[in-house]
Structure formats: C-alpha cells, structure tokens
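After this come two complexes, each holding chain A, first together with chain B and then together with chain C.
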Partner chain A sequence: MLRLHPYEYHRPDTVAEAIALLSEHAGDAMPIAGGTDLVPNMKHKLFTPGHLVSLRGIEEMRGISENDDGFAIGAAASLDDVAKNPLVLEILPSLARACSLVSGPQLRRMGTIGGNVCLDTRCTYYNQTLFWRKALGYCLKKDGTACHVVKGGTRCVAAHSADAATALIPLEAELRIVGPDGERTSPIGGFFTSDGVWNRRMEPGEILVSIRVLRPGPRTRHSYQKLRARDSIDFPMLNLAIRVDFETDGVVADLRAAVSGMGSYPRKLGKLDAEAVGKPLSEEVVEQVAEQAFRQCHPLANIPVDLEWRRAMVPVLVRRALAEIGA
Partner chain B sequence: MHPDELNALQRGGADDPEDLETLGSDAFRVLGHRNRKPEGMRKGTGREIYTDDLALPGMLHAKLLRSPHPHARIVSLDAQHTTQMPGVHEVITGADMPTPYGIIPWTRDEHALALDRVRYIGDALACVAAIDEDTASAAIESIDVEYDILPFYLEPEQALTDEAAAVPIHDPKRAGRNGNITKKVELEFGPVDDLMKASDVIVEGDYYFHGTTHAPIEPHCAIGNVDADGLLTVWSSTQVPHYLQRELARVLELDVARVRVVQPAVGGAFGGKSEPFDLEFCVALLALRTGRPVKLLYTREELFYSHRGRHPMNMWYRVGASRDGKLRAVDARSLLDGGAYASFGLVTTYYSGQLLTAPYELESYRFDSTRVYTNKPPCGPKRGHGSVQPRFAFEVSLDKVAAELEMDPIELRRRNFMGTGRTVNEFRVQSNGFLECLDAVERASEWKSKHGKLPYGRGVGVAGSCYISGTNYPIYPNEMPQAAVQVQIERSGRVSVLHGASEIGQGSDATMAAIAAEELGVPLGYVRVLSADTDLVPVDLGAYSSRETLMVGNACVHACRQVADRVRESVAGALRIPADRVRLAGGWAFDTDAPSDGDRRLPIAAAFQLAEAQHGTLGALGHYNTPKDGVHGEYRGGTIGASPAYSFTAHVAEVEVDSETGFVEVKTIWVAHDCGRALNPMLVEGQMEGSAYMGFAEAIMEQQIMKRGDPEAGLHDAPSLLDYRIPTSLDCPEFVALIVEAADPEGPYGAKEAGEGPLHPSLPAIANAIWDAVGVRMDSLPFTPDRVWRALRGHEAHGSGN
Partner chain C sequence: MREIIRLTVNGDAVETGVPTHYTLLETLRYILGLTGSKQGCDKGDCGACTVLLNGEAVLSCLMPVQEAASGSVVTVEGLAAGPRPSALQEAFDLTGAAQCGFCTPGILCSATQLLAEDPDPDRAEIASALSGNLCRCTGYTKIFEAVELAAEATRSGLAPADVLVARRGVDDQA
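So, the complex of A and B:
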C-alpha cells in the first residue's frame, strides 16, 4: 500500500501551544485537523512534514456559537456539524448545503470547515502518486518547473476545489487567523490569491481559528450549487454561490456570486448586479445574469473533464440557484 | 448401535418434527433455498482471512520497479547500490526469469519482469525484497535504469500503420507481418452479402466502447514461501490456482509437483485475477533466493497498471432485416485495443464475434475482428469477456431496426427468437428461456404503458443477451476432466467437500456445500468446504467464463451420488427394503413409503456409520468433462465460444435524462435471467444485481483511459478510486432481479451460469432508454453528462430536436 512518511504528532490543547509548536518546527511542521485533505496528499508525497500539529484537541476552535450580529464557527468544527446545525440550516442554508455536499459522510465527520477553507488546490497532474508524478517529470506546483495544464505557463493553475469557501464568499465571512505575531482578521473575499501553488494569504505558521458570518437581513436569500460526477462523493467540477438581497417589494437590491472549481481561487463574479438591481427576478433578468456569469467563466484543463461542457454548466447553475432563491 | 447413541445423533441437526411430514416429497430441501454462504458470517463480521492478512515469521516485503515510459529499450539496469542498502535482501530483474509466460499457450509474450523492453507505463522490470515495505520502496527508487525511448502507440489505428510496424511492440511471429497485431479472425456463416441486398431495412453504424477495469476491493497480493524440504508454496489472490501452479513451475523451472498454490479468500476478481501476474513469480523467486517468506501487495495504483480489463473496441455493424422484422444479415467489424500484452486476447478476439449468435436466429452472419497491441496496460477478460462490447453495438442496432420498422423493440426480439437447436455458427443450444425473460421484464417494467409514451426526458429501453456456462475446452489442450470434487464422510455426519473451484465471491463454495447437503441428506451446517489448494484438492481450471456451477457442480453431484448409493444400500439392508426406496434428506435416511414412521428411518449419521461398517471409509471422487459430440461446428475457431449450456438475459432500463446538464439518471433496471435452475435464488439474484450494476457502471461512469499530449502521453488518467469513478450504493438504480428457469440437460439439476450473462444488456438497454427519453442515439460509451450534452446539442444543431 501507499505508506506515510515518518513524522512526529503533537496534540496541543490551546491555540497558543499550537502556534508555539509550529514556530518551533518552522519549515518542517504543518497543522492537521481532520486530515482528510492532508493525509492523502502525504501518501502522494506532496507534503512530508516532520511534525504534525493537531488542532483537534483545541476546545476554543470547536463549536458553533451565535451572538448578536451573527455566528462564530470554530475552524475545527466538522463539516457534518456545520451541515446539520439547526441555526446554520435555518439562517445560512447555502453554507449548510455546501458543507453537506463535501465528499462522503465519513469524511464529513472527520473533515473540518477550516480545513475546507484552507483546502490545497487540486490538479490532475498534481494529485497523483510519486511514481506517476515522476514519470510525468513533475509539475510547477510540486517538484517541477513546467505546467501541463497551460503548456508553457509560468503560474500554477491548480483548481480551488472547496465547497464551503465558495459559499462563504457571498456571505462576506471574516476569517480569524492567529499567528506568532498575534491575531488578525481577513475578509474571505481577500483571502485567496491566484497562485495555485499556495493560494491562501496565510503564512505557514498561522492557524485559521474561526469563521465569523454576519446574520443576513430578513430579505436576503442565498443558494449553493455544485456540479459533480457522483452525487455520493466528489470534488466540484464547478460550484457557485449566489446571494440576493431584495427590497420589500421583491425588487433586487444587491446580487453577489462566487464561482470556483475552475481556477486557483474562488472568484467573485462582477457586474451581475448591473443586470438585476432595481428589477424583480424575472426570467429575462435571470437569463441576463446567467449570460453575464458565462462570459466571465473560463474553466481550465486542471480536471480531465470537457471544458466546453463545464463552462456551459455555469449558466445552468446560475439559473438553478436563482430559481431556488426566487422560489 | 446403542439406542442412546442414535438418540444423541438424532438431536444433532435433523429437521424439526413438522418438517418430517414433507420428508417423503421429492422437493429440494437445501437447493433452491435462500441459504447463507458458508463464508458469509466471516465476511460480514470482518473475520475473513485474505492473503494480506497472512503473516509468516521472518517475512520480507517486496516492491516492483515499474517503467515510467510507455515504450523503451532497457539499455542498462544497475542495482549495485540497492543490494547493499541496509534491510535489502534481494533484487531480481528480468534476466532472472527469462522464460516467457502467458495464459494462452500460443501467445506467451510476457516476462515476469521485463527482459529488455518495457511496453507501457507501469510495466515491471525489477523487484526488491526487504525487511519492510518502506525499505523496499526506498530500494526500488535507488535502482538506476537507462532507457532508450522508442516510439509508442496509444491508438490501435496508429499501431496498424507501416510506420509502427517498423518498430513494433512485439516482434512479429513471421517476417513481414505487423508485430502489433495479436490476432485477426474472419468468419462468415451464410451468404451475408446476398441477404443484406435482399433486406428491406438496413441499419449501419459505428460504435465505440471506451475501456474499463475490474476495480475489485482487494488488491492483488501474493506470498511466497519455501519450506524446510524445499517445497514452494504461493498464496495468492487469484482465480486460477491450477494455471498459476503450472506457469510458476514452467517459468521458475521447477517440478510442478513441488509447487503448491493456495488461494485464500478473495475480495473480488471479476476476471482481473484470472492469469498469472508479475508479483506471483517475484515472491516465489525471492522466497527461493532468500529462504524467507516474501509478500507483495499491490497498491491501488498498481491494479490500474496490471489491469486486464475490458478492451476498448471500435465496432462497425450493419444489420439487415425484412419488413416483418426478421434478421437476415449481420455484418460486423471490430478493432480491439489490446494494450501491451496478449493476455487472453486470442480468445477475446474470437469472443467478440462468436458469442453474438444467440438468442436470435441469424440467417447469415460475418465478423472480422482484429486485436492490436498498444503501449497501454494490457486488456484481458472482464466479466462478460469479449462479448459485452459487440452486444452493445448489436442491441442498439436492433433498436434502430425496430425504430425504422416502427415496431415495438420487444416484439422485434420475439420475432427473432431462435429457440433451441443450432446457432448460425453451429453452437448447440439445448435450453433457452429468453422469451420468458422478455415477458418478465416487459411485465415488471410496465413497458407497454411506458415505451414511447413517457414525457420528454424519461424513457425505457430493452436489450437481450446470451452467455456461456463455461468453455467447452480448457486453455491448454487435454482430454482430462475439467472439474473434480472429492467428498468424504466423517462418522459424526459431517461431510467434507474438497474441490478446486475458486471462491471469488460468486458462491462456488456455497453451491458445492448445498449440492452435498442435498445429495447426502445432511443439514447444510454439516458440510465443510475446502477449496483451491493445489496440494489438497482435485484439479479445477478456475473461476472464469462462468464455469463453476455447471462443471464443478456436476462433479460434485457425481461424487456425492457414489457415496449416497452406498449409504442407501446399507440402509436398505438394515430396513429390509429395496435400495430405491431409501432417501437421504433433512438429516435422515428413510423409507420413502413411510417417511414419518420412526421405525423406518435412521438419523443420517447412523446411516453413514452403517455404510462405513459395510463398505469401508466413505468417500468418493467425482469429475466432469464437457460433451464433445455435436456441441459446435468443425471449422477453425468453431470450438471457441462453444459451451455445454447457454444462459439468456433481458433487461429493461428506465432513465431520466437532464437535458440541460446531460446527466443520465438510471432509475430502475429490471433484469430477467435464465439461469437454468436457481440452486440458491439469493445468490443468483445477487449475481444478477451485481452484473447489472457493473454494466450500468461501465455505461454511465467508469473509464480506463490514458492521457494524450506531451509529456503526459501514456500516463493513466486516473489511477485511484477517487478519480476512476465507480458508482457507490447511493448512485445506483433500483435493480429488480427476475429469475427464469429453463433447465438445461447439461447442467446440475438443469443449472446454468448467472455471474456474467446478466451484465451484457445493461449498456444497450440504457442507450436505448436514452433514445426513448430524448431522441438521441448514444453509440459511443460512456454516457457521461458531457457526452450526452454534446449529443443533445448536436441533435439540436441538426434541427431534429424535440
């Protein structure tokens, strides 16, 4: 079987201890929560840290709490906990939906929402065994110099493939990140970069501790859509989250959307509001929004699936999301 | 015998008193019932012992070095450093086993480790035994290999060119031929061209099957061990212990009598373990060299390289029919993409044509099949060997004929039903329940209210098929029996059945246990089965081409009846009645004229003891050989595809097509299968559902494909179970299994196969249902959403959309 490399496993009780351990072994340590992304990647020798710092024993990183203006979701809360939390289901249904569509039931119970936000990018030339990657001659993201998705490309375009992260963008979530220099917050919209090698604005010694989501207004609706090969278990070939704020009379006040599964980061779609604001969600408006979204999306061959089809599914997902929102 | 002893025996496992009332009837008491498999509890509770669960003292672990190139000459291989690494015990290369092997004696084109050339990415060329897996893994990385890169061919059409023939993947057997051709078969039965011309309707089309692998849950694993006397034992997750034993002896140049192959429990095979593999030779030689046990377990990735899965096939079919729907001429041409080695390819090439000739009466038929080597993992036999792809092309063609004639596709199939007798290629069919299969799926699916009548996006499709119950001839020519069983009786009433069949989940152990219990009148729990250990059980050829129930079953009946006759004779003597009035059933030996009379019966153990006292220790060997008279035609190739008995299947599939996304959801597959006689209906239904599932998975999702483009050409697209997608239980349709029993005179109690036939119609039935749902023909597999979406768009573009 594929074997893991030898490593030392640490299980701190507090965030401070975890940060200290990561600093102590800087360059040779990684945090691990559910391990559902990291462990397979370690088996493929994509990461071989000598120290793993577990976040599972840190009480303050677990649990979902409600306060006056919204929610604080511990980064180490399992995807299953988030998906089934009654408050999340009621108030943030698109997030609950996104979490419920990650992988399969066993992995959702292990995997965490923080791990999903920090999920490593994925690519058909990267998520392979050492034998396979060596036979290929490696790639830009790991051990090599050439990109095989965009021949001659100098920037890694491995696909951001997380569900929860995409859903959190229209919800304008804030990430609470702790590092050796203290604590900071980062709006999720600015968290990702276009570099597929490491697409998070987060230093290796930092930990995502919690996610804050403001309570949406009473006339806000949102939807999450995922395109995957199997309904039982699969990464997204494409995903989409839309949030619409309505006026009292059913007229659109604001419309925001994020898509992912195509390039290295979840993208906010621009100009969608221009088509919709000030109008009710008529069939015509839906079609205009869908068309605008289609024009902005260009999937890449980082997943071996028909590019033209994947792109054509963008307006389909937009229509389905808006139908759900309008219903 | 002391009465207390008899009473004690009487309590042990005999039927309940109310059951005694029925003792006199002829009805089966074990067969035909939904009995649990003997290994069921072990598997269900995780206690089964598979090869990788075995550990021997001092055992070493081996790893294979595999080629990173699709086609290259090995210029040099330097393992000097490797042998000196701490923990490394032995390194072997192709030169250590220069004798070529191959499951088919006429196409031995493989070496345990590549000799001088590697032919696909993943071809093994060296093997290391070390103290543990990590050391072995590090060791193979340290081997220096210099390659001379050769041109490679990923498309069969490309391998056929003169350019490719100049640097072929294998040297041609005769000068001037293209070494890239494994086999070419052309056969014609009846005047195809004349009857095609005379046909009222002709349907012609190109079809494509894409290639799939078996994906068993258990990866291949083997352990080699040499005992103090120098006897070699190989434990292996194989479905052909006998062939493995022979090939091990041949390649390692050992006396075959000093090689033992033991097959522990197998966690799925589906044809993917039906020939020898590199790892089995390697653990054997490494054990011989080191004197220590050696284990090698494939990684999941390695299964995709060892492969032997279903051949990609380009097919062209032309079918001519008369106005009333009768088939007049079938003309077929197939190009089989074989991958780097022959495997069973010679047989596959024949099967791609020979197995198409039932259940329909073909007035004339011609096929032209060519198997070509390519620089990809070798293809071989997968459940429904060679005939799943042509069956897809043909059954879709029939649907098109029906559409042209505006005839119900089930009615078209009925009109062409061949019944029993001879197929156009002269196979003898003695039983045929296909019409009942059609009736069953038509009724259960409510076909008449659905076909052509469901709203856009929803549809039903039908397809039929035929399969063999074992091959009439063994893989290496010989006149000896194909199967044998030893039965022995212990005084407690316990019965041991020793047989060579490979239990791979299909239920051969369960079937032999049930036959023995039925024939010898003991409760099922009294039967122990020992199978697939070449030192201890009689020869059987293995679990392939659906042969075990019929062949080993017949051998088991033969053995049991010899013993039962002796027991009946002794009981008859004791009861002073004629032997033909004694029946053994339900834990008793009794007078059929008075089954409930306590004085006229004996507990079965007492009966065995009587017989043992009279005849000596009770036991018998039974065997089975296939009929050789009039089973097939006397033309070249006429024996290939011939079987003692043929099974028949019909499916109706109901689908829902999302015309926006192209996703096809298969809602239900109704599977009716003529298995001759269901010796255990639960196991037969399990095989029917499992087969239909596998066909459905290949139709909708599974794809064994290699990357194209530079530098990734020849790399497997997705060698993991995350990316090689197989449907989980959540992705499955409902399967409705409908057993049909048209007993065959060759089968034990009339039984025929059930493990492979029910796969075939899944693919065309789904294709035909998609046509019914959205009006597009999916002639090219698989029906993934992108492909269906493209077909729908092409359909719209041509202005014929709904």
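So, the complex of A and C:
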C-alpha cells in the first residue's frame, strides 16, 4: 500500500482561477490534470505539495476544435479523446497513434495530452519508493548528489518517455502557456531542455492550456513508432516520430525526425534530410537514413532494458516508419 | 483534514467525510467498506482497482476522490442488478475465468464497459479492452472465453448457462 501525504485539493472552473491558486500557494502547489503520473510520483514521495490545483474541471481546456489552418487541442483533453477523435484520426494520424499507444486503456481515459507533453522524466533510480531510494542514498534528480546511471555524473540524465510529446515535434506544434504574467506561446521544438531534473522551459506557476497543430500539407506524411516490452501499459524504451514532405513526383523535399526514450528530452535527429532530399524513398535511401539515425542514438542505462538492443532497434523503427510513409 | 464528499456508489447516494488526500479506491475500501475493488500495485500498473466512473473504466488508485465527487461510481459489488449475477459474472463462473480472483473485479469492470459499447467484440478487441488489467493465473484464455460467452448470451437474450447448453446440443448433433 502506498499512502499519499496530506494535501488540500482545489477544483477551479477557469484558467484564471487556477493561476491565482498556484500563485497564492507558490512553492507549495502543483497543477494536476489526469494525475496518472503525478499521483504515483506523490506516492513515491517525489513530490509532496500541500496544495493540488485540478485542471480537470476547466471546460476551456478540454475541447478539440478545428479552425482554418489547423487544430487547437485543449491540454486537458484525455489521451483517449485525442486518439479516437475522427478529425485527428483523419488529418493527424501519427498523433492519434501516439496517444493510442500510451500505457493502457484506463490510463488513457484519465491521462491528458497536456500532461503527456509536461511529463516528468523517468529513471530506474528515481521512480521508486522513498524506502528504495533512501537505501541507495538517493540520486541527483531527487534528494541526493550522486548519479547512479553515469558514474561521477553531475548532470541528471533521467529519460524523457512521452509518446504524444515526441509525435508533436515533427508536426511543429505550438504550445499556449498561461502564467501569472500573462500568456505566451512556445514552439514545442524549443520547449525542452537537456536537464533531467526539470526538462521543460516552464515555470512552476504556469499552465499549458492548449496545443496548436497546423494542418499538414497534401504531400506531407507522418509516422509514429514505439518500442516496448508489452503492447500495453509499458513506457516507451524508444520512440520515433518521422515527417516526410514530398514533391509532386514522389521525390523527398524534406525529412525530419525526433526520438525519445533515451536522454532527458525528445531530440531532433540531424542530417537525415541530407540522405534523402532530392531522391525518391528507395530501399537504398531508407537504409542510409536508418544508418544515419543509428549513429546519432546512444541509449543510457536510465531505464531497465538492454542498451545494445534499444540502439539496434533504432534503424528498425526508422525502416518501419518509412515503409508506412512510403506505402 | 477531512471534507464532505458526495457521490453515487452502485446506485446509492453517499455523503461522507473523507481525508482530503484519499484516493477513490481508499474511499471505497476504507470509508465505505467496499473491498471488492482491489489495491494491487497501487500505482497504476495492474488494473486491479478498476471501477466504472460515469460508465468509463478508470483506475481508482490514481484518482483523487474529489474527481469522482458528483459522479456515478460502479464497483464490482454493483454489477449485478438484483439477486442474480450479471451475464458477465455468470460467464466468468461457468468458464473458470477466475482463479485466484484478485484481478477479477477490475477485469469485470473493464469488460462491462466493453460490452456496453460493443455487443459483439472480436478476440482482438477484447484483448485490447482488457490490456490494462494484469492476470497472473489464467493466461487470459478463459477470460476471453467468458467475455465472448457473456456477449453471445446478451445478444441472444439467453442466460450464459443456456448458451452453453445450446452449444452442447449443436455438438451432440454433430
């Protein structure tokens, strides 16, 4: 049995009320949406805020709406709602797929897409009970000074392992964030940092309110691939999102990819376009892209699965993604 | 610190004082005495705590009780309407889908939502709907058979036992 610490629970109706509550209890308050990551983390005593500000009752954060140039997805829309939304399925299938692969069915009904984007990093030495962590002398990310993944390391390398966040990067989504000083937007590509302790460029008093995704062009294709031990419940050991823009004649105009499940943030892979632009997506080109992706990926022992296998699966996921895109 | 929580549990309106940091599962088990929903991993991996909240199967161990306030909760204790078990519960009994039984309340809740939304699911759809519920005993085969039996019984308007009798009749003629 894992008990929660005592806290006070607030259920505001509007974003403004939520921001006011977070400001009022600054330093001792956290926002909670689906709670599927925060609640287990609180049970592990990784966070012990005196006040929780629930975002689930805020109507303006829940909807998925279509406008002239794309979509606005409320950050408190559940992963299940995004995965099953007919418009998302038709126009942003890689995002629908990523959301449909998060954990299991019950968690997808509770967990939100905003929570997935703001997901805390994970590590073998972090997502454990207080008893377990204390026995090891804690770690760099929480309460300690030593890193157990990189011996002698001074920088936390806990893994980013969110599906929807990774899928949103090649889609070039834009995040609408509201805080005590007003509203700002951030491209998702610039949202993350490599600091495993706190990998979001977001202050504790701020809330991710909605996610804007532009409608892809008629010759743009996306794919999302995930590696995990079972087809349900598990976090990704590796995930990959690829976008390919084609010319009218099937020649590649641009190719972009993001990977996660390795370091502390979803990373864009470089130089893949150099292998493919100006050529059709032939078997040879696919192999060159897969090889280039493999060279850039170096999994760490931050999640409990064999490193060599996770690395060897990088080109496999690239081949699967490009086969789906080329089909 | 406690607060008054109002919710509907298995059709009964409930108003009770609950510690503010309790989950829905702790409220069900330790305040209301409904111990059918199980506390397994207690962190969202196993699905043993699955209950229906407004008809949707969710994990009660991860749900702050305030999120269920004003909602309608159905636990395994509320699946049977009246003195007889539900078709699904009877099918679990008849096919031997419960062994140790610890996962069964959660699986019954997940399967109840599935059958409410899809009266004729195929094996893959059943597996997908139950993929958030771990069972260490059965290997799932008997559970899938139970869900199929309950679906067939509901569609045909027969009791699950009568479906089995009818199936045996077909076998005998063959």
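In this text, the second predicted complex is superposed on the first by the 327 of 327 C-alpha atoms of A that agree within 3 Å, B and C clash if a C-alpha of one lies under 4 Å from a C-alpha of the other, contacts with A are read in each partner's own complex, and residues count from 1 in each chain.
Just so we're on the same page, a contact is a pair of C-beta atoms (placed from the backbone, for glycine too) under 8 Å apart; a residue touches a chain by one contact, two chains touch by 3 or more.
Just so you know, these numbers come straight off a predicted model, no measurement behind them.
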item: Which of chain B and chain C A:S54 touches, first, second, both or neither; value: second
item: Which of chain B and chain C A:V316 touches, first, second, both or neither; value: first
item: Touched partner set for A:S282, first chain B, second chain C, both or neither; value: neither
item: Which superposed partner A:R109 touches (first chain B, second chain C, both, neither); value: second
item: Partner chain in contact with A:E8 - chain B first, chain C second, else both or neither; value: second
item: Partner chain(s) touched by A:L136 [first = chain B, second = chain C, both, neither]; value: first
item: Partner chain(s) touched by A:G35 [first = chain B, second = chain C, both, neither]; value: second
item: Chain A positions touched by chain B in one structure and by chain C in the second; value: 1-2, 104, 231-233
item: Contacting residues of chain A [partner chain C, same complex]; value: 1-2, 4-9, 11, 32, 35-36, 39-40, 43-44, 52, 54, 56, 103-107, 109-110, 231-233
item: Sites on chain A touched by chain B in the complex; value: 1-3, 104, 124-125, 127-129, 131-132, 134-137, 148, 227, 229-234, 304-306, 309-310, 312-313, 316
item: Contact set on chain B toward chain A in their complex; value: 66, 68-69, 121, 133-134, 137, 219, 297, 299-301, 660-662, 701, 707, 709, 711-712, 715-720, 722-723, 725, 727-731, 784-787, 789-790
item: Complex interface listing, chain C residues touching chain A; value: 1, 19-23, 39, 42-45, 47, 50, 56-59, 61-64, 66-67, 110, 128-129, 131-134
